[in-house]
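The letters A, B, C, D and E name the chains in turn, as written, and every chain counts its residues from 1.
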Amino acid sequence: DLVVPNLSYRTGPFAAGGIPYADGFNDYFTLLNERDGGIGGEKVQVPECETAYNTEKGVECYEATKGQGALVYNPLSTGITYQLIPKVSADGITLYTPGYGRTSAANGKVFEWVFNYPANYWDGASVAIKYLLDENGGSLEGKKIALLYHNSAYGKEPIRTLQELAKKHGFTLSELPIDSPGQEQKSQWLQVRRDKPDYVLFWGWGVMNSVAVQEAANIRFPMDKFIGIWWSGSENDVLPAGDGANGYKALTFNGVGGDYPVYADLKKYVFDAGKGSGAGDSAGSVIYSRGMYAAVVISEAIRKAQELAGTPKVNAAQVRDGFEALEITDARLEELGLKGFGQAFKATCADHGGAGGAMIQQWDAAAKKWSLITGFIEPDHDVLDPLVAEDSAAFAAENNIAERCN
Amino acid sequence: MFYREAGDFKTSYVDDSQTFPIRFDRMRYYAVLVLGFGILPFVMNDYWANAVFVPFLIYAIAAIGLNILTGYCGQVSLGTGGFMAVGAYACYKLMTAFPWMPMPVNVLLAGLVTAGVGVLFGLPSLRIKGFYLAVATLAAQFFLVWLFNKVPWFYNYSASGQITAPERTLLGVAVTGASTPAWAKYLFCAVFLFVLAWLARNLTRGTVGRKWMAIRDMDIAAEIIGVNPLTTKLSAFAVSSFYIGIAGALFFAVYLGAAEVGEAFGIQKSFLILFMVIIGGLGSIFGSFAGAAFLVLLPVLLKNVLVGGLGWPTDLAAHIELMIVGALIIVFLILEPHGLAQLWRVAKEKLRLWPFPH
Amino acid sequence: MPDQLLYAMEVSLNGLMAGIMYALVALGFVLIFKASGIFNYAQGVLALFAALTLVGLQQGQIPFSHVINAIFGTELHSFGWTLPAIVAIALTALVMVGLAWLIERLVLKHLVNQEPIILFMATIGLAYFLEGLGDVMWGADIKKLDVGLPQGISETIDALTFNAFGYGFFIDRLDIVAAVVAALLVASLTLFSQYTKYGRALRAVADDHQAALSVGISLRFIWVLVWSIAGFVALVAGIMWGSKSGVQFSLSLIALKALPVLMLGGFTSIPGAIVGGLIIGMGEKLFEFFAGPLIGGATENWFAYVLALLFLVFRPQGLFGERIIERV
Amino acid sequence: MNAMNPEGYVTSDGRKIGGVLMEMKNITLRFGGVKAITDISFDIREGEIRAIIGPNGAGKSSMLNVISGFYIPQEGEVWFRGKKRAPMKPYEVAQQGIARTFQNIALFEGMSVLDNIMTGRLTLMKSGMLDQAMWWGRAQREETEHREKVEKIIDFLEIQHIRKTPVGRLPYGLKKRVELARALAAEPKLLLLDEPMAGMNVEEKEDMCRFILDVNDEFGTTITLIEHDMGVVMDLSDRVVVMDYGKKIGDGPPDEVRANPDVINAYLGVSHD
Amino acid sequence: MLDATPTQAETLLEVNNIEVIYNHVILVLKGVSLSVPKGGITALLGGNGAGKTTTLKAVSNLLHSERGEVTKGQILYRGDRVQDLNPAELVKRGVIQVMEGRHCFEHLTVEENLLTGAYTRTDGAGAISADLEMVYNYFPRLKERRKSQAGYTSGGEQQMVAMGRALMSRPETILLDEPSMGLAPQLVEQIFEIVKAVNEGEGVTFLLAEQNTNVALRYAHTGYILESGRVVMEGSAQELRENPDVKEFYLGMSDKGRKSFRDVRSYRRRKRWLS
């Protein structure tokens, strides 16, 4: 069997996001097992391990599942990711962190075992600015943009990029940290109210999201000028604010909603068969879809690995090669019943970061639905690439890593 | 009679103040040493080392440290997480600034730095007592975490504020970094624990320990008897922080390998270590070990039973695990408010009388 | 008026309001501490539990459905009713009384006359347990709590201040409600504890369990009473905070915001909780306003504690706490 | 009476009493509105057993607290060994050789009897923290030396059998004895005893009296004691101070005090024996 | 046993051969039996650690909070087994204890302390304030200090508070643990006079543990002597007073009357009846 552990969190402060993500992840593999008999005829086992978003439990989970022949890890936590980067490199197991984790891991020359395509936080920051440029006819000169962020490694990731972009496009950036968990954001929002920034970008997670949306509504901040990263754009985040949340925007690197053909199969093979993961009420939601996206990419990478290795029983090293050789095309997505669900990309030895595009979705409070208002927007690679190179070089130097792929 | 103390007559005061005055205990102690240093490191795998033993050893150090402050000197502190962070960041700065420095020196220096910080935050204890002090130490906890999160110098200006331990070797074997073998991690921490526990035992049985305990039991009477509360409390803060700093340094460098301050050294850590000390037994070195073992092992055990054994969904298991841990804490307190150490003592007293009821 | 000053005024006002929200949680602590000398770490979790129960009852969620479904493979979810807020609140209050009774029965009764730190520890165990129980009963997803409290900017104050200063102040209507509720609670609780025989008994119990027993005060009754009231206060706090940020795990962490308030006001003073709340709320917001931008922001958490610490150095028992008796 | 002789005097049973060891001059102590001590002066001579008596709430314990530096009087001076004492912390007073017991027993409940008594010697122990941590050489040697001294006191007070018992478990009377042992361990010049015999029966009081007399005899320790048992006070003390409502209403040898009508009125009631 | 109690009345409280163990291991009472007649004053005498306090606590059910338990024997109050009641119920039945070592509520004022004594009473505020006056009459010193926090009163004042507090509950039986400890001689007499007055005037039954054998035997009707957890002697106060052993060990008298504390030059070997 193929073992893909699911380091999930269904408890603790971030359970609200962790639950649907883990469900989406599990359900897709269940679908593969039930419908196709696994990947390439090998069944996939998804042993779940609860981390509660806690690094120590993450380590325990990693050690506990590693012995079972784990092929790839996806812990959905930037903290745990940093923890595991050195460990997976030593143990030779792939770490796949779509849309989170250490951004500079996109540089495959330094991070052999880590992949974070299709997009990372710096991509996200850049896409958001690109979108705003479009809205403002190509110039943000003299505009004020505030970044409201989770005061942790995760929230701090985009700062460097945004500072670079501010220099390039001539807007001023103000940074407003919010301590976890973020139930109390009065100060920050009063400041927003006083400073009247043109736009607010938001890097939050957990309860911080819903409070921020609520507070924005309270101070009557125009919601369509408030843009969250993809982890701040789920139904959970906007529903509590009711109508006030109408018009709030968020990034996403995968499609949302239950309209994809794959859901017919999921219903047939998984939900109706009583094999759904969790309570089964989150299918089609934003975070569920993202969990499913991760599962899709992992299964495709395994398929690729099987193809390369010529055997369905691949090991961890072969799976890594699969990740490195992975190419997701629009056609393949359509085959999977997920047309337009994600951006096409192709990984290489040096590029573990993918195309980096993301879409903008907007909340419709009346219909209680997210709808996509743009297609994939490309990030500004000219700004990002040097940053990635610089950060990964520092890591390489600190850890005596010689660059690969030369 | 399983437990004999007959036949042990002391002829000198030195004998009488031995740690294990009873021969049976002494033999058991040597047996544990042989097991801990001679056998375990060579049979354990990565899982046991990383999920159970290494955290146990490190938490035991932290628990001894906190026990010195809270159990022996009576100053309840909730700043343990913050002080561990000081140890961790001091160790990180030392490791990166002086790559040639041997790891044990780094760890010890980190402990000393923490001791200094501990004394600073211990100053209010001269005025503030009891739970007021406990809450006041939270100021240290939150401030330190904020500081390490905010000032880039501490994390060497890395993009996200994470710190990662580079590889360092000792006698040619890696002790930090990803390629460290399980046994090396274990032994490195075990040696620290052994030496520190021995020192703690010495400190607590002599003059210093008596001063601490006097302050704990009745600070006014102690002062009237001639104990200087200033130096006594501050020395407890210093020694305790030294231990906790070392624990923090090991926690970051040897166990986790990378850390984010709010996550690894948050307030939860302070509480966790306080639990260990209380569950284990305030004012008992053995209790610190017992408490650390209990709280490291219990969740792992429960998880393996509930998820691995009974096959429950992880979330349900996690919730039930919370309930069980909570209930067990209460049950233990009801059975024996003075902790596992006292439970053990009572059991011994019973065994000593066995087969008679009293 | 210079802008900076106006802003500072607005920030202070909001700080006061935030302080009242903290004080609501602190009140529960004070009650229990006053009545039993127990530093009740579970107060935050109690608020979470109350809010979860309220939402669950209001929306007709079947308790433990998640477990039942997992074990028996059923598909239970909801009773299919939606209760009026007031009914749900009343029912939840009953549940809290029941909980208080259970806590006394299963925990406190067995820990009479133990040292404070042991009791403190027991409440931590309780916190764990209730946290797990809340999740098992009602699920860990985020829930919206709506009992019809107004939210959002208060137009009146905005307009008033705009006319007066040319800059409209932002005050959340929810905060105004909280302030009114808090004032009522504090007034009635103060009366209760100062002027009734139960109030006196409550303070007696806090001083000396054994002596209280010896004069015939039933610890059981006092404790059930106090924990019920504390449970009710937790419910109020839960409603306020839940309306503000939804109901989920993090709600229990508001306890950490209440601690500095408690420390500053004194563990044993009901009015102290409010005054402490006001000072802490205003202090931390003003500090963040003036100093935050200079030193990188997110200072509120630690500053609240440092502020309380400063006060304590001068008054070790808090502003209104009972003097700590030091005699030989 | 030759008690006024600055060189000292000889008691009826032949003990030599020396010069003035401690002198309290016009002490006044207030707590808010409550005047605990009003303008009291008296002296304590070397080698003497000096009793303080008076009704409940008269301010006796407060007086001891003033002597041991725990209360700072608003007015008045304390002279010790011929020098005026500067305001100092209680632990500094202890280091000058003043030890005491407490009315509401103040033992360290969490420690064994032996450890409690060893705390009495803290002011005499010198080894530093590092020595202690290593436990070799100096620390261990010192510990053993002091332990020997303490064992002598344990023998003297006949509490060998409870040496290792946690004091929390002891009955009241033994606790009092342990407290005395702790005070003795400090080898004080001046020993202050606050109701050492409360809660004891006659037999135990007799023992306690013996201990007190022997301490006084053997080590020449000066003793100041507060006691409500008139029998004890009359038999033991060389001179008695009587207080009432914070004021001194009598001072002199026991017989003289016993005959003082003010004292009878305020304290003794019907003449007692 | 010869019973020369002046009030030859029914037995109110009966303790039958009880055994008490602390902490599961420390056996303290090894079979103690007592019977306390209604309307009498019964003294419980014995040296330090004899188990007097433990006996009283066993009766008032306060042992639980000290991790002690009655493992054998039974305690009957008016013929009903009471050892499973909680202390509050016992107070409602009219048994109240004055604990050794005062145990005042430190943060409450003297007056509030006294009022808590009336917690279980239901006979109205008027009766309670009348009793408050009565207590102030007994202890004028308390009236002066009524507004001070009990924690700041002197040892003797606290003892008065504890006594007064018990009186405030209008009990049927009072268990008094060392009422004379730390009181000035005048006050000791006074307290015992109060005991006597309350006993005679209101028919309150007393069981008192005392070290001050002298006074205790002057006021008590019957007495028990405890040693190391056993009753070693019992009888009427008169008898006990005249017993030569009691005289020597508990009253400090020899044939020649009271001897000086100074004269006991050599330590005597303790003579013990048992153990």
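The definition used in the following text is that contacts are C-beta pairs under 8 Å (C-beta built on N, C-alpha and C of every residue); 3 or more make two chains touch, one makes a residue touch a chain.
Here's who's who by UniProt: B = Branched-chain amino acid ABC transporter permease; C = Amino acid/amide ABC transporter membrane protein 1 (HAAT family); D = ABC transporter ATP-binding protein; E = Amino acid/amide ABC transporter ATP-binding protein 2 (HAAT family).
None of these values were measured; they are calculated from a predicted model.
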Shared interface partners, meaning chains that touch subunit B and subunit E
C, D
In contact with subunit C and subunit D alike are the chains B, E
When every step has to jump to a touching chain, what is the lowest number of steps that links subunit C to subunit E?
1
Please flag the chain sitting at the greatest distance from subunit D, going by CA centroids.
A
Rounded to the nearest Å, the gap separating the Cα centres of subunit B and subunit D is 42
Chain centre separation (subunit A, subunit E; CA means) in Å:
75
Between subunit C and subunit B, distance of the C-alpha-averaged centres to the nearest whole Å
32
Tell me, which residues of subunit E touch at least two other chains?
26, 152
Counting only residues that touch at least 2 other chains, which ones in subunit C make the list?
66, 135, 140, 296, 298, 301, 327-328
Which subunit B residues touch at least two other chains?
149, 220-221, 224, 313, 315, 319, 322
Go through the chains and record each pair that touches.
A-B, A-C, B-C, B-D, B-E, C-D, C-E, D-E
For the complex, which residues does subunit B have touching subunit C?
70, 76, 124, 127-132, 134-136, 138-139, 142-143, 145-146, 149-150, 220-221, 224, 267, 271, 274-275, 278-279, 282, 312-313, 315-316, 319-330, 333-334, 337
Complex contact set, residues of subunit B against subunit D:
12-14, 16-17, 199, 202-203, 206-211, 213-214, 216-218, 220-229, 235, 239, 283
Quick one: in the complex, what on subunit D touches subunit B?
68-70, 89-91, 93-95, 99-100, 102, 106-111, 115, 118-120, 122-123, 125, 127, 129, 132-135, 139-140, 142-144, 147-148, 151, 182, 186
Name, in rising order, each residue of subunit B that touches subunit A in their complex.
45-47, 50-51, 55, 96, 149, 158-162, 164, 166-167, 177-179, 255-260, 262-264, 268, 300, 303, 307, 313-315, 317-319, 322
Note which residues of subunit C are touching subunit B in the complex, please.
39, 66-67, 70, 106-107, 110-111, 114-118, 120-122, 124-133, 135-136, 140, 256, 259-260, 262-263, 267, 295-296, 298-299, 301-302, 305-306, 308-309, 312-313, 316-318, 324, 326-328
